[in-house]
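The two complexes that follow have subunit A in common; it is paired with subunit B in the first and with subunit C in the second.
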Partner chain A sequence: MKKAVPLIVAVLSALLVMVGIFFREDLGGWVSVVLNWAIVLSSVALLVVLARLLFMHIGYITMGRQGFIYSLVAVLAFLFTLIAGFLFGVENPTFLKWIAGIIRPLETALLGLVAIVMASLGIKFFYERGWNALTISFAISAMVFLILGLGFLQAIDFPPLQRVIHVIEGLPMIGARGLLIGVALGAILMGVRVLTGVERPYDD
Partner chain B sequence: MPELSLNDWVAYALLVALFLIFIISYFIARARQKQGKAQAEAKTRLDAILHRSSERGEGIVIGLSEGDGARLGSLAGLTGLQTQAHVFRHSLISDVPPKAMAGEGSLALLSQQLNAGTYDGAAMPELFRMDSSALAGVENYAYLAGLLPELSRPNLSALVMQGELNPELILALDSAKRQGLDTVVASSSLSGQAASYLADPESALGEEAFLNQSTRPREKAGLDASLITLKIIRALIVVGLTVAVLLHFLGVLP
Partner chain C sequence: MTDGLSMQKCPKCGKENLAYMTHCVHCGTALEAMFSFDGQIDLPENMPEEDVATLPFILEEMQSAPQLIEDDTTDKDEGNSEAQETDSDTPEWLKRVRKRAQAEEDATGRLTKSLNTMQERLEDDTKSDAESQYQVWLDDLREKAELKKAKQAERLKPSPKDEQGVPEWLRRIRALHPEDEGGEDFFNPDDEWTEEALEELRRKGLGDDYVPLKVLENKEPDEAPEDDEDEPDEPDEPEIEHNIPEDDLDLESTDVPRQEEAQAKPSEKPLSEETGFVIVGDVKLNPDEVFDTQVTEVSPNESDEGLPAIAKRALDADREAILQDLVILRGQHEKVALLKTLLSEEGRPLPGKNEEKVQKKDYSRLIIGLALIIILLLSIIFIPRHSSAKATVSVPQERFSRHLDMIDKDEKLLLVMSYSAASAPELEALAAPVLKQLDSQGLSWQAITLRMDGVWLAESLYQQAKLENHPAPVYVPGGQFAMLDMALNPKSDAEVDAKKAPKEEIPNLEDFDYVLLLTDSSFTVRGWLEQVAPNYPFLSTLAIISQKEAVAIQPYFASGQILAYLTGVGGLKEISLTAGINQSVYHVGLISMVLLLILGFLLRRVSDEQPKTEDGGQA
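Take a look at the complex of A and B:
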C-alpha cells in the first residue's frame, strides 16, 4: 500500500494531464487547476530547499568548517537580498539595478570563461585524438562555418555560390534533427516508463 | 478534438507502436529474468567508476538538471534521479558518501526523499544525511557556482551528470578533469550534448541521455525493453523516411 499510493497518484496525474492536452475544452479547465497545483508545490519545494540550504551554511559557520568564510558570504548575501526584497519590493528599479549590477558581471565573466574553455578543448580535441576522420571533419566544418559566419561570401552576387552556401548552412540542421529525433524518442520512452510504473523516480 | 493531418496520424501511429513494443519487450524481459535467462550484465563506465570509488573509499558528485531545464516535470531530471539512486545504492557505506546537486527546488526535494528511501530500504537510515542532496542554484550560472566548489572537495573519484544540462556544464567538466576525476555526462539538451562531446568523447548522444542503469529487476527489465524498443522504432523511422522520400520523388506524396 505504501508503494501503491504514490504510483497511483503519479499515473493518474500523468494520464489526466495527457488527456487534457487532447480534450482541453471538454475538461473545462481542470488541467490548468492540476498544473497550478504543480506550480504551487514546486514553489513550496523551492522555499523548503532554500531554508535547508541556509541552515546547512549556518551549520558550517558554527562548526567552523574549512572554507566557512564562503558560507558566511552566502548567508549574508542571502539575508541582504531577502531583506531588501521585502523592504523595497522585487519590482523596485533600484533594487533590480543593484541585483543586476552584481549578477550580470559575474555571469558575463563565467560566459567568457566558458568561451575560453571551449576554445582550449577544441585545440585539445586534436591533441588528444590525433588526426582521424572525425577530427578532420570537425576541423573542416569549424573552418567552413567560421568563414561563412564572417558573411563575406554571402555578399558575393553569384547565384550558384549562394545555392551552395544555402545547402551548407542547412547541414547542421540535418544533424540536429537526427539528434532531436533521438532525444524525442528517449523522452517518450522515459514518459512511458514512468506512466507504466516501471520507473518510479519518486520512490525507493 | 482538432482535425488531424497525415503527419499527426503518422506521429500517433509511431507512439502507439512504441508503447506496444515497449510493453511486449518489458514482459519478455521480465519473463527471461524469472527463468534466469537474462543476458550477462554488460560492464559500463559507471560500473567501473562505482567499483573504483568503493575500492579507494572516494566520493562521487552527481549533477542533476540545471536552470530552466530542471523545472517540474523534466523527464531528463527524473532519469538523473534514477542514476543518483543507482550510485547511492552502491555507495551506502562509502567512506566519502556521494552528493547530489540539483538545479531546482522540487528536484532537490525529490533527490533527498530518494536518498532517505535508499538508506531506509537498506536498513541503515542512521547513515542518511540531509546534505547528501542540495540545491546548487536555480539559474545556469548559479548552479555552476554551487557545483564547482563541490568538485574541489578532497577524496573524490568522479563527476556524474545527467539531466537537462546547458553548454556551461563544460566548466564543471573541465574542472573535474583537471582534478583527475572521471566524468560521465548525459545531457538531454542538444547544445549540452555538443559541449560535453567536446570534453568527453563517451558522453551520451541523442536518446542515450534518457537511459539509466539499475540492478533492480523491474528497472533493469524496463531498460532492456527500452533498448529493444529504440532499435525497432529507429529501424521503422529509417524505413519510413526512405519510403516517404521515394514516394515524394514518384509524385505520390506532396
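Take a look at the complex of A and C:
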C-alpha cells in the first residue's frame, strides 16, 4: 500500500498529461490543473530550499564557524533584497537597476573565470594523459575550430577550401543530432519505465 | 513429622504445637506463658544487652560443664558438698537452671544435636556435589586427552609414506587407535602422547630401521631428505592465527610477541586454498590435507612447574582447547584488524581536519591565467575598435535577417527570454539591434521571461535597444511546465476577463505569428520546439542563442523547425561591432587559447622524456 499509492498517482498523472496532449479540446483543462499543481509544488520546494539555506547560514553565524563571515554576507544580502523588494516592489526601476548592477558583473566575471580554468585544464589534460589518440584528437579538433572561429580562413576565396570548411563546420551538427536522437530514445524509454512502474524516482 | 519433638498444647483450641512456638499455628493464641522453663525467670525488658549477649556463653558453659557431662553416678555427696561450697557465689537464677538441667534431659544438647544433624546433611550434599563434579572433571579430562591424541597423530611427519611404506593416513589411524595394534597398549584416557611415547612407538614399529628423531633433526641440511629441507631446525608447527587480546590469553603470554609479529606481516601468511584459513608460520602439511590449520605444540610454561601433575594436565588440556577455538577465518581476521585499527585511532584527529594542508607549489595555472588576462587587457586597451568588414555571413544569420525584414507590421511577435546575467552581455549585443529594428518597423510584440532574473535583465536590454516606455517582460513561473500549460490551455479573452487580470500578462499563443527565443540554454529551445511548437504549426520560431549552445540547435535549424538563429560574434550587427564589441579582442582571445593548447601539447612531450620512478610516477 505504501508503494502502491505513489505508483498509482504517478501513472495516472502521466497518463492524464499524455492523453491530454492528444485530446486537447476535451482534457486540456485537466492537464492544466495537473501542470499548475506541479508549478505550485516546485515553487514551494524553492521556498523550502531558500529557508533551509537561510537557517543553515544563520546556524553557521551563531556557532561562529570558520568562514562565517561569508554566511553573514549571504544573510545580509538576502535580507536586504527581501526588504527592498517588499518596500519598492519588484518592478521598481531603481530596484531593478540595483540588482542588475550587482548580479551582472558578478556572473560575467564568473563566466570569464570559467574560461580561464578551462584553458588551464586543457593544458593539464595533456600533462596528465600524455600523447594518445584521445588527447591528440582533442587537440586537433579544438585548434581547428578555434582557428575557424577567427574567421580568417573563410575570407580566403578558394572554393575547395570553402567546401572543406563547410564540411568541417557541419561535423558538430552531426554529433548534436546523434545526441538528440539518443536523448529522445532515452526519454521514451524512461517514460515507459515510469508508466509501467519499473522506474520509481519518487520512491526516494 | 513431630515424632521425637516435644510438643505443647494450645490452651485455647487444645491442638498441639511445637514446643518453641510462641503462637498457636491453628488459632493464633499466644503461647508465651507456656514457652518457659519451670522456674524460669523472666528477664526484665530493660535488661542490658551485655547480659543478654552472655546467654549463649552460659549455654555453652552448661554444655561443657563437667558436672553435666559426668555420669549420674557421680557421688552425690561430693556434688552436694561442692554445691554447698559455691552456693554463696552462684546467682539464684543460675542455680535454678542448673537444677533444671540436672532434673531433665539436656536441652542444650538437643539443640546441638539439631545443629549437628543439619551440618551433616549439608556435608552430605556437598559431598555428593563434589563427586558429581569430580566425575564431570574426569570426563572432561578424557575428552581432552582424546583431542590431544588426535593432534599428536596430526604431528606425524607429513611425508606421504614413511620408511616402511606405510601411508600417512594409516599412521594417523594407528596413532589414534594404538590399542588395536596387538593389544599391547591399553588405552588409558588419562595417558597423553608424549614425545617419549611416540619415540617408543616408532622404535617398536620400525625395529631395526629405527633412527631416533633427534638424530634426524640434527642432521645437516644437505643430509636431510629433500622434503625436509625447507623445514626449520625446531620441530615447530605453524601456530594458529588469532587476535584475542592479551588480557584474555594469560596462558599464552609467551606466544604474544610471536603473534604480534605474525600480524605485522599479513601479506606473508599462507592461506588455505579450500577454507581460507589464515595459517601463520611454516606449513609442513599440504594445505589441502586433512587439517587446514596446524597447531603448535605449546611448551609448558615455567610457571607451571610448581603445579601438581593432574593440574598440569588440566592446564594443558585447557590450553589445547583454547587453541582449538582460535581458528579464525580470513574475513574474521580482517574484521578484527579493522577493529583494532579503529580502536587505536579512536580519539585521534581526522587526517586533514586540523592539520595544515601542504601547499603544493604549482603556480602554472596562476601563471597561465594571469598571462591570459594580461594579453586580453592589453588587446582591449591598445587595439583600436573599428568596424571591420565581416569576412562572411553565416547561413543562419542571413536567413534571420531576411525573416526579420519580411515581418509585416500587422503581425505579432512573442519574445521569450530565458538567460542568466553571465550571458547577458553576449545576448544583449545580439538582441538589442533586433528589437530596435522591430520597434522601428512598428511591429507589435510582447515579452515574457521564464527566469526571475529576466525581469531586471530586460531593463538593460531595453536600454541598449533604446526602447522607451515598453512594458517589462511578464514572469511566467514553472519553466517547461509553464510552456506546456501555455500550449495546451490557451487563455481566451473570456477567461482573462473572468480572472480580472491584465490581458497582456497572460499571453495567448494563438495571437502571435512569430516567437523569438532569447536564451543561453539549448534546453529552452528544445522544450519550446518539442512541447509548444507542435501545437501551433502556424507559429514561426526564431532564436538568439549564446555561441556555446548554438551547436545543439543546429539540427533543428537544418530540419526547418527553427527558421533562423543568431549567435556569436558572427551574428553581430554593424552597430554592435562599433559600439560595444571589439572583434579584434575576440580574435586575440582565440589566438591565446590556441597558443595555450600548443603549449600544453609540448609540455607533455618534455614530461614524457623524464625517467619514471619505480612506482610509476615522474621523477
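By our rule, the second predicted complex is superposed on the first by the 201 of 204 C-alpha atoms of A that agree within 3 Å, B and C clash if a C-alpha of one lies under 4 Å from a C-alpha of the other, contacts with A are read in each partner's own complex, and residues count from 1 in each chain.
The rule is simple: a residue touches a chain if its C-beta (ideal position, glycine included) is under 8 Å from a C-beta of that chain, and two chains touch if they have at least 3 such contacts.
All values reported here derive from a predicted model rather than from experimental measurement.
In the three-chain model built by superposing on subunit A, subunit B and subunit C fit together without any clash. In the superposition on chain A, contact of A:V5 is made with neither subunit B nor subunit C.
Of the two partner chains placed by superposition, only subunit B is touched by A:G182; subunit C is not. With both structures placed on the common chain, the touch criterion links A:G151 to subunit C but leaves subunit B unconnected.
Of the two partner chains placed around the shared chain by superposition, neither subunit B nor subunit C is touched by A:L82.
With both structures placed on the common chain, the touch criterion links A:F23 to subunit B but leaves subunit C unconnected. In the superposition on chain A, contact is made by A:E199 with subunit B only, not with subunit C. Within the superposed three-chain model, A:S32 lies in touch with subunit C and out of touch with subunit B [touch as defined at top]. After overlaying the two complexes on the shared chain, residue contacts for A:F126 are found with subunit C alone; subunit B is out of touch. Of the two partner chains placed around the shared chain by superposition, subunit B is the only one that A:Y70 touches, whereas subunit C remains out of contact. Minimum Cα-Cα distance between subunit B and subunit C in the superposed model: 5 Å. The interface of subunit A with subunit B overlaps its interface with subunit C at residues 38-39, 42-43, 106-107, 110-111, 117, 122, 125, 129, 176, 179-180. Of all residues in subunit A, only 22-23, 38-39, 41-43, 45-50, 52-53, 56, 67, 70, 106-107, 110-111, 113-114, 117-118, 121-122, 125, 129, 176, 178-183, 185-194, 196, 198-199, 201-204 touch subunit B in the complex they form.
Listing the residues of subunit A that touch subunit C in their complex gives 20-21, 24, 28-29, 31-32, 35-36, 38-39, 42-43, 90-91, 93, 95-97, 99-100, 103-104, 106-108, 110-111, 116-117, 119-120, 122-127, 129-131, 135, 139, 142-143, 146-147, 149-152, 154-155, 172-173, 175-177, 179-180. The residues of subunit C lying in touch with subunit A in their complex are 364-365, 368-369, 372-373, 390-392, 420-425, 453, 455-457, 459-460, 472, 477-478, 481-482, 484-485, 488-489, 526, 535, 551-555, 558, 568, 570, 587, 590-594, 596-601, 603-605, 607-608. For subunit B in complex with subunit A, the residues that touch the partner chain are 1, 15, 18-19, 22-23, 26, 71-73, 75-76, 78-79, 81-82, 85, 104-106, 108-110, 113-114, 117-118, 120-121, 130-131, 134-135, 138, 141, 144-145, 149, 167-168, 170-171, 174, 188, 190, 193, 195, 198-199, 201, 205-211, 218-219, 221-222, 225-226, 229-230, 233-234, 237.
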